[in-house]
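Two complexes, one shared chain (subunit A), two partners (subunit B, subunit C).
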Partner chain A sequence: MKVGVPRALLYHRYGRFWEEFLAGLGAEVVVSRRTDKVLLQQGLSHVSGEICLPIKIMAGHIEELGGKIDVLFLPRLLWLEDRLYACPKMIGIVDIARMMFDGRLPICAPNIRGSFWWPHFRAGMELCHDPVRVVRALTRARRYIPAHDRAPDFPAGEKRVALLGHFYNLDDDFISRPMVDTLTGHGYRICTKDELPEKVLRNRQGFARKIRWVYERELYNAFRFLVDKVSGVCIIVSMGCGPDSLVAEFMREEAQQRDIPFLQLVIDEHSGTAGIVTRIEAFLELSERRHAGRSKIQDSRLQIGGQAAAA
Partner chain B sequence: MKASFPNLGYDTYALKTFLEDLGAEVILPPPNSRRTIEFGSLHSPELICMPYKITLGNMLEALELGADTLFMAAGARKCRFGYYHYLHERALRDLGKECRFIPVTQYSPFDFVFKVMPGIFDVSPFRVMRAVTKMLAKSRLTQEFRQHLNRKMAIDFGGAEQAKPKALAVIERAHTLKEIQAARGEVLRIFNLNGTEPQIRLGLVGEIYFMIEQFASQEIEKELGKMGAEVVFERSLYRHIRHLLFSDPAFTRSGRLAHRYLQESPGGEAIRTVGEAVYFQRQGLDGVVHIFPFTCMPENIALEALQKLSEETGLPVLSLSFDEHTSRTGLLTRLEAFVDLVKRRKLGRRLHRN
Partner chain C sequence: MAEGYIGIDVGSISTKGVVVDREFNVLASRYLRTQGNPIDSIRRLLAELGGQVDSGVRILGAGTTGSARRLAGVMVQADIVKNEIITHAVAASHFHPEVRTVIEIGGQDSKIIILRDAIPVDFAMNTVCAAGTGSFLDHQATRLGRPIEEFGGLALRAKNRVNIAGRCTVFAESDMIHKAQLGISTEDIVAGLCDAIVRNYMNTVAKGKEIHPLILFQGGVAANVGVKKAFELMLGHDVLVPEHFLVMGAVGAAIVASEETDGKGTRFAGFDVADTDFQTRAFECEGCPNRCEVIETLREAKVIDRYGDRCGKWSKL
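Up next is the complex of A and B:
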């Protein structure tokens, strides 16, 4: 049996887990090809123009898989622990997929409510009818759910910039390539939220407690964690992303208070590479200048202090 | 206490009665205007949806009139609306406005009656309950008023324009439960409908703020009425409060009807939008108009479901998203074309025969 997994949205985090799990059930796993312009165009014809870019891409991937598979494996993330909800569009994409195929293609969509175990067990039973095998496949695949225990090192003297955004935007080369290339090309190390330990991302202190979207809380916590370790914060927001439009506003305010350069890049299917590169370069120059300016000010302060002490 | 709250279409009267019953002096913000929305968007994040901008504008204008306490609904699980009050509060603070800002959570009616309201106004829960009953009665009155008005506009637009201020005056005057009860008959008498049927009937579904506050959707009901279409709606403040008090039968019905298209709620009111559209289709209405703010997340999912519904049943569906830049001319052209299409379909004429 050929089971299709679209290479978009949640795949970028749980893809390895799903691939191992489905392979363990004895299914042949078909993953759609990497995002490109053709896939995006396919997606555009299936969803309304107002929906955000990752969902359009997802629709393209689903369409692409359509003829090649027997079952589409498309888990629906409703909420994770602590009742943190996924974004409405992520919940709705399964229904959109169902309406796209109109019953021509069976869709296996475990509803993830808090725990991964039970919905995946039921989905496995749907696909292979052998409880022992399903449990074994799940146990083996489990270690591929990404989790970091330790925070990465932040050595002094290194040029760092935080590139914050949803993992499905950053891990998709089609979307993030120009940004990553420009930043690394200028000798910056990129800090993202996905290399941070669970403990930091799930932090419940302060305003983070009030954010009820799971990935927004991660973003905000990552921002709080990284903001004093980097020389600038660049966040990527897809046009029409509801949660981001709110949380980014809070981040901007905090960055302003701490006097850290903050760049908000809004992307959609029309955003050209040139515009993004120019903005990032300007942003890097600004952060470098501010960095230099700040140390100069600090130096002069030291001198004044020194003179005062000498006097 | 000089209390104020954002405008909510005709239901502003219901909320005003509620706060007055609890002993507050109510200062209503001026009616929504171009100025309100410009004021609001000036201090709003760029990508936020339209209700935020209008409500913020309302609050700023109410503060200008001397209000010192602002009420704002809060709490919506997956929708952005639940976070409005954080941003509102911050925006007001940044502008240096001195006021008491009270977000009221929607989804806990018991807390609302026994803790929140008695805490704010220092009254007994019994009095709060009485005020809620009165608010319910009054919002039912405004709902009926809107239904009569929509029908009257479709039949006789000029007559409706004349009757409207009279009926509104009656609604505003009704204070006790008895008077509200009497006003229901009075309103019906003023509109003088005599059972005439309009040419076509269109269902209106969409995001609740847009359903209640006509300014946001550029008075779509009035425009459709002018073109001879009666607008039928299911959602109103009355139904919403009934839903919050767990007593709205239409809510479960919507979920059941929408299940074919949406199996899990994507949050907000997507399920209700789809369920109501299916209901309207089964009721034999001639078309459905779907209105929502630009970039609204749940309604965008509902839009896909409505397209599917339209494909499967042949029901004409027009989806319109609004923001502060929506051009009126473009909107009118689309509405005219849609009403034309629905009329031709109903009268069984084809284009080439004309």
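Up next is the complex of A and C:
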């Protein structure tokens, strides 16, 4: 049996887990190819123009898989622990897929409410009917659910910038390549939220407690953790993303108070790479000039202070 | 012989160039329409700049900026290719060290730059929408049958500034037509349009920015006294249009060229680039489904630059 997994949205976090799980059930796993212009165009024809870029891309991946598989595997994440919700558009993608195929393609869509175990067990039973095999496959695959328990190192003297955004945007080369290339091309190490330990991302103290969207809470927690370790914060927001636009505003204010350069890049299918590169270059240079200017001002203060002491 | 630097700013609508001396006093400046053909406009620009300084200035460095900065940089063999945020900020703080806000509205884009202690610290640019930029004003002036140069003056003669929807160019236009059909005077409508442009700028580009004086207003739209007035009414501060407001980006490019070369010697190809044959052509790469549009620049039929590919297959020459 050919089971299709679209290489978009949650795949960028749970893809390895799903591939191992489905293979363990004896299925032939078909993953759609990496996002490209053709896939995006396909997606655009299926969803409303108002919706965000990652959903458009997801629709393209689903369409691409359509004729090649026997069943589409499309878990629906409703909420994770602590009743932290996923975005409604992500929850709705299963319904978009149903409309696209109009019953012509079976869709296996476990509803994840907090725990991963039961929904995946039931989905496994739908696909292979052998409980022992399902339990074994699930147990083996579970270790591929990514979770870091150690924070990366932040050595002194390294040029670092935080690139904050949803993993499904940052891990999709088609979206993030121009940004990543520009930043690394200028000698910066990129710090993202998905390399941070679970306990940082799951923090529920302070303002984070009030954020009820799972990935926005992660973004905010990552921002708080990284803000004093980097020379600038660049956040990637999909055009039309409600939760992001709200949380980004809080981050912008905090960055301003702490005097950290902050850049918000809005992406949609029209955003040419030229505009993005111009903004990132200006942002990096701004933070460098700002840094140089600040040390110059401090130097002159030091000299004035020194002279006064000598006098 | 005098010595100096050359700065070139090629935007979507206009091509600007300056020659400055070592203290960055403007010796020659030109403002041309790009007319969709940057190669031709860069060539004309160099010919005219060369004519103005009469080849009496030895060029120590060349910088390019603007949306066609890369093409211009390749053509004149610039020492530095710099984005327009930095060049505008650098020029603004050179002429007015106390500047804290730069409003720049050009042909198709608009930006705000925040400076503190003469250092640019924050900026924003318009994203996908060009409502309220120069080309829209141009279009409306043509539609009303008034030359663009008189357009701002009309707004100053307004008695009752009417409310025009400024969120979108298309809606603004239909709103203006509607108001005209109600019998409202052209002066009042144009003043309303200036307000709409400023409101749109404040809500999109300048959103969330702290605007403090001194405020400089530069770029082509700064020539429009109506928009300047509308900014002053909205912000409650005087807005200063600097002497070289049209070519500030080019001046900034010349300044960064001087920082870059710093006596090391220049690669500048000379004013006679105007006589060299340049071509650009575009093709779609068929190597993968991304179908990148690759742009090539040719000098005398030889490829000197390629860009536009995501993977780097073509841009590595």
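The working rule: the second predicted complex is superposed on the first by the 296 of 311 C-alpha atoms of A that agree within 3 Å, B and C clash if a C-alpha of one lies under 4 Å from a C-alpha of the other, contacts with A are read in each partner's own complex, and residues count from 1 in each chain.
The rule we apply is simple: a contact is a pair of C-beta atoms (placed from the backbone, for glycine too) under 8 Å apart; a residue touches a chain by one contact, two chains touch by 3 or more.
From a predicted model like this one, the values you see are computed outputs, not experimental measurements.
Of the two partner chains placed by the overlay, subunit B and subunit C both lie in contact with A:Val266.
By the touch criterion defined above, A:Lys56 reaches neither subunit B nor subunit C.
Of the two partner chains, subunit B is the only one touched by A:Asn111; subunit C is not. Once the two complexes are laid over each other on the shared chain, residue contacts for A:His12 go to neither subunit B nor subunit C. Judged by the touch definition given at the top, the superposed model places A:Gly275 against subunit C, while subunit B stays out of reach. Of the two partner chains placed by the overlay, only subunit C lies in contact with A:Leu39; subunit B stays clear of it.
When the two complexes are overlaid on their common chain A, residue A:Leu286 makes contact with subunit C while staying clear of subunit B. Once the two complexes are overlaid on the shared chain, A:Gly92 sits against subunit B while remaining clear of subunit C.
Residues 239, 249, 266 of subunit A lie in contact with subunit B in one complex and with subunit C in the other. Residues of subunit A that touch subunit C in their complex: 33, 36-39, 174, 177-178, 239, 249, 252, 261-262, 266, 268, 270-271, 274-275, 278-279, 281-283, 285-286, 289-290, 293-294, 297. Chain contact summary for the complex, subunit C toward subunit A: residues 67, 83-86, 117-123, 125, 127-128, 208, 288-291, 310.
On the side of subunit B, the complex with subunit A involves touching residues 45-49, 77-80, 82-83, 86-87, 90, 261-268, 270, 294-298, 300-301, 303-305, 308, 319, 321. Residues 47-48, 50-51, 76, 78, 85-89, 91-92, 94-96, 98-99, 111, 207, 210-213, 237, 239-246, 248-250, 253, 266 of subunit A touch subunit B in their complex.
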